[in-house]
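Chain lettering (A, B, C and D) follows the sequence in which the chains are written, and residue indices restart at 1 in each chain.
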Amino acid sequence: MSTARGVRLQAPVFEIGLKGYAYGAEAVRLARAADRLSQELGVSVIFDPQAVDIPAVARETQHLLVFAQHMDPVAVGRGAGAVLPEAIREAGAVGTMLNHSERRMTLGDINRAIRRAREVGLATMVCADSPEEAAAIAQLGPHIVLAEPPELIATSRSAATEMRGFVERTVEMVGRIDAGIIVMCGAGVQTPDDVEKMIGLGVGGTGSSSGVLLAADPIGQMQAMLAAMKQAWVDLHGSPPGLQQSRGTMG
Amino acid sequence: MSTARGVRLQAPVFEIGLKGYAYGAEAVRLARAADRLSQELGVSVIFDPQAVDIPAVARETQHLLVFAQHMDPVAVGRGAGAVLPEAIREAGAVGTMLNHSERRMTLGDINRAIRRAREVGLATMVCADSPEEAAAIAQLGPHIVLAEPPELIATSRSAATEMRGFVERTVEMVGRIDAGIIVMCGAGVQTPDDVEKMIGLGVGGTGSSSGVLLAADPIGQMQAMLAAMKQAWVDLHGSPPGLQQSRGTMG
Amino acid sequence: MSTARGVRLQAPVFEIGLKGYAYGAEAVRLARAADRLSQELGVSVIFDPQAVDIPAVARETQHLLVFAQHMDPVAVGRGAGAVLPEAIREAGAVGTMLNHSERRMTLGDINRAIRRAREVGLATMVCADSPEEAAAIAQLGPHIVLAEPPELIATSRSAATEMRGFVERTVEMVGRIDAGIIVMCGAGVQTPDDVEKMIGLGVGGTGSSSGVLLAADPIGQMQAMLAAMKQAWVDLHGSPPGLQQSRGTMG
Amino acid sequence: MSTARGVRLQAPVFEIGLKGYAYGAEAVRLARAADRLSQELGVSVIFDPQAVDIPAVARETQHLLVFAQHMDPVAVGRGAGAVLPEAIREAGAVGTMLNHSERRMTLGDINRAIRRAREVGLATMVCADSPEEAAAIAQLGPHIVLAEPPELIATSRSAATEMRGFVERTVEMVGRIDAGIIVMCGAGVQTPDDVEKMIGLGVGGTGSSSGVLLAADPIGQMQAMLAAMKQAWVDLHGSPPGLQQSRGTMG
C-alpha cells in the first residue's frame, strides 16, 4: 500500500507504540530518529503518538507511517470527545490503531471504524487478544491484525518464546481468511532477540512499546530492534523487504 | 483565573463547541475569528477543537481559552488511545471539557480527571444532565459546571425558555456548594436571543455548537452571540465583565 | 442440540425477546403459553426473561429454551453486578444471548463469554449488526448468530422486506464459515407475514420482541407467528422441522 | 426505613457481598443463616446475591435486606440485558447496590438509577472510591453511601487501620450534606477485629465479601463479624441499634 505521503505499508512492519510514554517535543525527537531508521533500513515503521502530536510528527517525518492510537466510527457533526476520521487524516495520519487492549471497542464499533477509515483513506491496524479474535477481525477487512496475549503486554515475557502456538495459530487462521492482511504479533517484545524470534515464527511484523520507550537509550533500542527485524526477515524469506509484498493503494 | 497564556477564565464565558463539525484548516479559521472577538468584546471564549487541532489553534490564537473535548485520568506511561493530560497541556490547551453527553464518564473517572487536570495546570469544565448532577460535580472541585438538559442538545428548543427552572435550580444548588465555580447552562442555544435570555437567568456563561457551526455565517453568528452575551451581562449586573469575577490563578 | 432439560435447539428457531416488556407473573404467564405452543407445533422457542425471572420460567415450562438476556465472561469469585455463567445455569437457563444492540460487548468479551458458556454447558445466541459482523462472530463458535439491522429494531419495517440483501448475505457468509451455526435474522418482525417472508429467505429462525409483547393479544400473536414459521419452513424445505438439523449435544 | 417485607434499614448495617462467590443452593444456605443472625442480633443485614438468586433468597428469608448487585436506569420496555427496577422489586428485592467498583456507572446513570429506585420503592446503596465521590453521591439522595478505597478491595489490608483519614473524612463530608444518609465504609474487612475498628471510627455500617465467602467457615465468620459490629456499636454509642436511627419509610 502506498500512502498519500508516498510511504509504503508492507511486511515486515514494526510498530513503535508511544501510548502515553512520550509526548510533545520528546515524541517528535523519537519520531525523527525512527524516520531516519525506516529510510536507512527500508522497513515499514508505524509510529502512533498522542492525537495532539500527530501534526508535528507528520510534519517532521517523511517515511514513518503515522497512525492514531484510536479513532471513533463517527461522521462529521456531533460527537464531542470522539476522534473524527477526517480530522486525523487532515492532520497527517495515514492510519489508525483500533481496539487496543487499553482501549477496547465493541464489535460493531470496530466494524464501523474500519469502514469509516476506508472512506477517508486511512489504514487500520486492529488488535486482538487471541487467534480466534484475530480471525473474527479478519472478516472485517482491516489492513493489519495485531494479536497480543494480554497477559504478556508490558511484561518482559515475550509471546515469541512463551506462546509460540498462539503466534503460529494466528498467522495460519488469518492467512486462510485473507492472505492480504498483514499479521503482526506482539506483547513482551523487549529486546532485539525477541524481535528476531517473533519474525522467525512467520509474522508480518511486530512492535514494542515499553521495550523501546523505557529503554535507557530508546533510539539505540529502536535501531537494534529494526535491524534485528530486517535480518530475521531476510533469513526466513531469503530476500529483503520489498515491493512484492505491497497490497496496492490504501483504502 | 489567569492561564499560562495570559488569558483569563472569568464569567461570562461562551463555549464554542466544535465537536466534529469543523476540523483542520476550517477549525483554525474559526478560531482566529473567535480570538479576535474575544479580545474586542473582552469576554472569555472557550474553544474546543478536535485533539489533533489543539496545537494549530493554540499557535494561531492569543485570547481564546483552548480546551480539549475530553481527557482521560491517566498517568504518563501506559494507556493507548487515552488522552494524556500532560500531552494536551504541552500542545497548548489550557483546559478540558469532561463528561459531555456524547462522551460520558464514570463518577470515579470524572473525579480522577479533575485531580489530574489540577496537577498539570489545566482548567476543567464538567458537563451535567441535571441540577442534582451539577451539585454532585461541584463537590469534586471543577472550575466550571456546564449543565444541559440532554433532550434539548442539538435542537432549536432552548433551555433558557423551556427549562427556566432547570437553569435557576442549577445556579442555586452549585452556588450554595462553592460560589467560586462558574455555572454555565446550554442546550438548544441557537440564536443571540437565546444567549440573552440564558444570561438573564443568572448563569456565568453559555455556549453553542450546532447553533454556530451549522449557521450560514458561523463567524457572524459567533459575533452576534458574543455581543448578546456581553450586553445581557451588563444589563443584569450593571457592570462589564471584569477582573472582579476572577477566581485567581489556575489549578 | 439436546439440552439438560431434554429440549432441542434446532432450526427453525423463534426467539420471543422479553427485554423489559414483561416480568414477574406476566413473564411466567407468557412463558407457559409459549411452552405449550412449542410442544404443539414442534418448533424450538427461545424465551429470554429478565434474569430474576429465569428460575420461575424454567420451573414452569418444559419445552422452552430459556435463555438469559446477557451473561458476563466472569469466573466464580469477584465481579459484583456481573451475570455469572454458573449461576444462570443452575437457575435453569440453557443458553444466553450475547451482544444485543441494547447491550453491546467488546469483541474480547464476546469471545470469552462464548468460551465460558461452553465450559458450563450453555448455548449462545450472539447478535450482529451486519453480515460482516455475523461472519466475524461465526469465527468464535457460537450456536446461533442473530443478525439485525439496528435501524429497523423496534420499528414496523421488517428486514425481510426492506433488507433482503442483508439477510441473504448473512446466511451465505456465515454458512461458508460453519454450516452448523443457526443463522437467525430479525428486526421489525411485527406480523406473521413478516415471519413467513423471513423464513422464505432461508434463515434458520427469526424472532420478535415488541411485535409480540406490545400486541393486543400477545399469546394469539405468538401462536400466529409460530404457525407461520412452521408453515413457511415446510413450504421452503419440503419437510417439517426435525432431528436431522440437530447439531449434537450442547457445549 | 421499613421495607415492604417489614424489615428495617437502620444503622448499623452489615453487607454480605455475594458477588460471584456463591450462587444457587449455596447462596440460599448462606442467606438462611444470615437471616437468623440478623434476627438474633437485631442488626440490619444487606445480602446481595446474583440476580437469578433473588427470588429464592427473598422467599427463604424474613429479616434480610435482599439487594440486587446492580440495577439499570431503564423503564419498562426496551433494554435487553438491562436489570429492570420493577422486575427486581417484584422478585423480592428491597434495594439495590449501584456503582460498585466492579460495575462502574456514569454519573448520569447513577442519578437516574436512584430516581428509578425511588419510583418503584427500592432502597439504594451507592459505592464511592473516595470521600469526595461519596459527597458527590450524597447530593443525589441515596439511602446509603458505601465508600471503599479501591486499592484495598479483596485484600487483607483494612481501610479501618490503613486509611483512618479516608473513613473519617467520608463520614464528615456526607454527614454535612445529609445526616439521614447511612455512611458505610469497607474494603479489606476480613476479620471481626476489622469490623470492630471500622465501627469505632463512626461509620453507620460496613461489610465483607471475600472475608466471609472465602472463610473456612463462612457462617461462623458472619456470626463473629455481626456480633463484633453490634458490640462495637454499643461501645461507641452507649445503646443498642434501634428505632431511633430509622429514617422513615423507604422511597
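Here is the rule we use: a contact is a pair of C-beta atoms (placed from the backbone, for glycine too) under 8 Å apart; a residue touches a chain by one contact, two chains touch by 3 or more.
The shown structure was predicted, so the numbers you read here are calculated from the model rather than taken from an experiment.
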**Request:** Moving only to chains each one touches, count the minimum steps from subunit B until you reach subunit C.
**Result:** 2
**Request:** Would you kindly say which chain has the C-alpha centre located farthest from the C-alpha centre of subunit D?
**Result:** A
**Message:** So the centre of each chain is just the mean of its C-alpha atoms; given that, what is the distance between subunit A and subunit B in Å?
**Reply:** 36
**Message:** Centroid of subunit A to centroid of subunit D, CA atoms only: how many Å?
**Reply:** 46
**Asked** Mind pulling the subunit B residues that touch 2 or more other chains?
**Response** 101
**Message:** What's the complete list of touching chain pairs for this entry?
**Reply:** A-B, A-C, B-D, C-D
**Message:** Applying the document's contact rule, which stretches of subunit D touch subunit C when the two form their complex?
**Reply:** 17, 19-21, 23-25, 48, 50-56, 69-70, 74-84, 86-88, 90-91, 93, 97, 100-103, 154, 209-210
**Item:** Partner subunit D, residues of subunit B touching it in the complex
**Value:** 99, 101, 104-111, 128-130, 132-133, 135-141, 150, 173
